[in-house]
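The letters A, B, C and D name the chains in turn, as written, and every chain counts its residues from 1.
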Amino acid sequence: MSLPRKLLAEALGTALLLAVVIGSGVMAERLSGGNVAMALLANTLATVGGLYILIEVFGPLSGAHFNPAVSAVMAWRGELPKTALVPYIAAQLIGAVLGAWLAHAMFDMTVLQWSTKLRTGTGQWIAEGVATFGLLLVILRAPAGRASAMVAAYIGAAYWFTASTSFANPAAVVGRMFSDSFAGIAPTSAPGFVIAELIGAALAVGVNRLLSPARPVDEASAHPTPPARHA
Amino acid sequence: MSLPRKLLAEALGTALLLAVVIGSGVMAERLSGGNVAMALLANTLATVGGLYILIEVFGPLSGAHFNPAVSAVMAWRGELPKTALVPYIAAQLIGAVLGAWLAHAMFDMTVLQWSTKLRTGTGQWIAEGVATFGLLLVILRAPAGRASAMVAAYIGAAYWFTASTSFANPAAVVGRMFSDSFAGIAPTSAPGFVIAELIGAALAVGVNRLLSPARPVDEASAHPTPPARHA
Amino acid sequence: MSLPRKLLAEALGTALLLAVVIGSGVMAERLSGGNVAMALLANTLATVGGLYILIEVFGPLSGAHFNPAVSAVMAWRGELPKTALVPYIAAQLIGAVLGAWLAHAMFDMTVLQWSTKLRTGTGQWIAEGVATFGLLLVILRAPAGRASAMVAAYIGAAYWFTASTSFANPAAVVGRMFSDSFAGIAPTSAPGFVIAELIGAALAVGVNRLLSPARPVDEASAHPTPPARHA
Amino acid sequence: MSLPRKLLAEALGTALLLAVVIGSGVMAERLSGGNVAMALLANTLATVGGLYILIEVFGPLSGAHFNPAVSAVMAWRGELPKTALVPYIAAQLIGAVLGAWLAHAMFDMTVLQWSTKLRTGTGQWIAEGVATFGLLLVILRAPAGRASAMVAAYIGAAYWFTASTSFANPAAVVGRMFSDSFAGIAPTSAPGFVIAELIGAALAVGVNRLLSPARPVDEASAHPTPPARHA
């Protein structure tokens, strides 16, 4: 696979991921008549299904990261060429914004808009750190062939067990800044979330080493069919 | 497998698919007391379960397309004999209508009826295009043995993230025209949906080529157990 | 495996299945405050999870039929010794009643009780026939190793798309006669359900033959690891 | 793997499990506006997803027991060194409490608190016995590679079909004593639950022997890839 194709895959996959997250949030909010638990439940199930198939579809092409924190960890581990890191992140951010706009177009909403939903405070930041820590731990330790189901299941759980509903992805934060809807986040709240996510990701790298001294990247390269990396 | 058996499989599978979609919509609407989010949630889960098992059951027999857009793409790629395309579509359309009628019979409703539910407008058409684009991308890129779970998961997500609740299937449009219930679509709204679906399917074929120059059909024929195609 | 162990497995598995179906119905009805869609949704998810694990656990022991209609079809196909049929059905019926009683004991209800919930009429009977037809088709055509997930997914869908909420099992009918709760069925309604189920099962045997002339039982015996049969 | 690493895995895994159970309970209670069925449904789905990935992640490291009753059975069967039993249980109990505190920190709640929710009576105790019996039976009989999905599916069902919502884990009882929230249990109710769980676990060991005289532990050691044990 050439890098341009990988970037196309990352951009398209991230766009579809954001369209799923934001679009299902809009649909859920419209239909649930103010029942927030119902809205989040529908939003959760759509995200779980969407993540599962997006990782399966794009994993063999680009690794299906869709997430700058994941790409950074992969570059640090040598599983992504370091020169590809910035292009990957750019593709993810562009894709995320386009995905938000696609959701708005489908739901007859103003395409360009900004979220006004404040998400801030110590609890939220701890939650985002925990959410991203868990996501990276899942990605780094998923058995071959199970990463798609595991990442989807993890995010489904994390929508509920973390106080921040688990963005766990700086590209998702950026895309969701552009949507004044159920899944949105106000731009002023974005930096706190991104910093917490990066700390959580770094923590996962450290804990992963504590749990097993052998470097999983070496084991992985010994497999005939390397596991898809992502989310 | 002879062609008549394949056509029986397509007709029966499409009939059961429509019975699941329409029947669960009726049940959900009756029990949910006006809570549309709850009704769509139940409708979604039933459809996900039904699609999964129908693709597993009928995939080895006919490919489990249940969908003229899927059959057209398969014929175009040479995975379905071109002479089988019209009979496949006929079997799917007949099955879809019979499935709607079966649902009505189970729920003590007038068997022959027409939907009055208008589904129209730019947002709906974009949504149907996106929905069918995603479905075909999933089908064209699903790893061997995972297509059943992936198509089911995708449609489950698409019921929520597309503004049209993702028909993504011209045979489903035809069958659902015959049901004045939760899952119905007024006949006047049908052409717009079908056109959007065909555009979405064509787009998926193009994007699939951009993503990988090698023709997956060749790879597939090298597998000892070819993946089920469908939905 | 000796026959007594198989019968213990069938009785225990059927008891746990009925405890899951009836127990989750009681819990769902108590917590949902009159929201029948919510109650059926919870009842559905519990049944799906329960069926999946019960088939995995008991499949290698007894085939995990838990269902006289399934055992009858298996005996007719030569996959169950004909002399084992009556003992199997007896074990299932005894297990079903004990399972209902176990559910009542857990929920502090009178152990011995009878359902007063009438379930009758042409729509209900057609639905029970369709439900059992679908179940047997799934069992007869499930690929090796996927029967547990497929039966669970099918029943989850059938709780919603059939007007009868898919009993699809004469032993379940008997067990649920003994529970005046959400999942119950009045004894006077039981014969209609059982007859409809047997017709549906017979229909599945016929359609299965139409779909493939080769006898799957022969193919199955050629597999090194025979698929679990059940539910 | 050295014992300290295994203990780290058990403590971290149990902490995350309790954070999932308690955190999703808090989120569900806050969002559901008094609809207990909705709250338990969300709590259930988060727990199912969380258990699945935690068993996959920690299974290869420590067996992913997260549960003193499971560790005791494994020690009794010779699958866990007897000298590791007390350290395992200590790690689980410490992890459980830390997990409760992590949930509180995320949701801006007082970190140190005690549950006031009474859970007592014969029905509750029978239910806890049944819940733990079922869990151990699933663990002892899960086919290789399916234990993660099966334990998750089982607990999801057991949240609804047992009157006690299936703690099925003395470490979970201890952690949930420390949370005055949806998932909590008053300390005075804890001993009854733990005793019922241990009786249920012992019963599962006995029934497992009745079902198959051959010792599965021997079969398991013949597998090239031993199944993960857990939950």
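As a working rule, a residue touches a chain if its C-beta (ideal position, glycine included) is under 8 Å from a C-beta of that chain, and two chains touch if they have at least 3 such contacts.
The structure presented is a predicted model; accordingly, all values stated were derived computationally and were not measured.
Trainee: Need the graph distance between chain B and chain D over the touch network, please.
Mentor: The fewest steps needed to get from chain B to chain D is 2.
Trainee: Between chain A and chain D, two touching copies, which fits better, same or different residues at the interface, with half of the numbers shared as the threshold?
Mentor: Copies use mostly different positions to touch.
Trainee: If we define chain centres by averaging CA atoms, which chain lands farthest from chain D? Would you check?
Mentor: Ranked by distance of C-alpha centres from chain D, the top chain is B.
Trainee: Quick check: how many Å separate the C-alpha centres of chain A and chain C?
Mentor: One centre to the other, that is 40 Å.
Trainee: Could you tell me the distance, in whole angstrom, between the mean C-alpha positions of chain B and chain C?
Mentor: From the centre of chain B to the centre of chain C is 28 Å.
Trainee: Going through chain B residue by residue, note those that touch at least 2 other chains and give them in order.
Mentor: 35, 38, 41, 48
Trainee: Spell out the residues on chain A that touch chain D in their complex, using ranges where they run on.
Mentor: 35-38, 40-41, 44, 48, 121-123, 126-127, 130, 134, 137-138, 141-143, 146, 149-150, 153-154, 156-157, 159-164, 207, 210-212
Trainee: Taking the touch rule as given, give the residues of chain B at its contact with chain C in the complex, in rising order.
Mentor: 1, 5, 8-9, 12, 16, 19-24, 27-28, 31-33, 35, 38-39, 41-43, 45-50, 52-53, 56-57, 60-61, 102-103, 105-108
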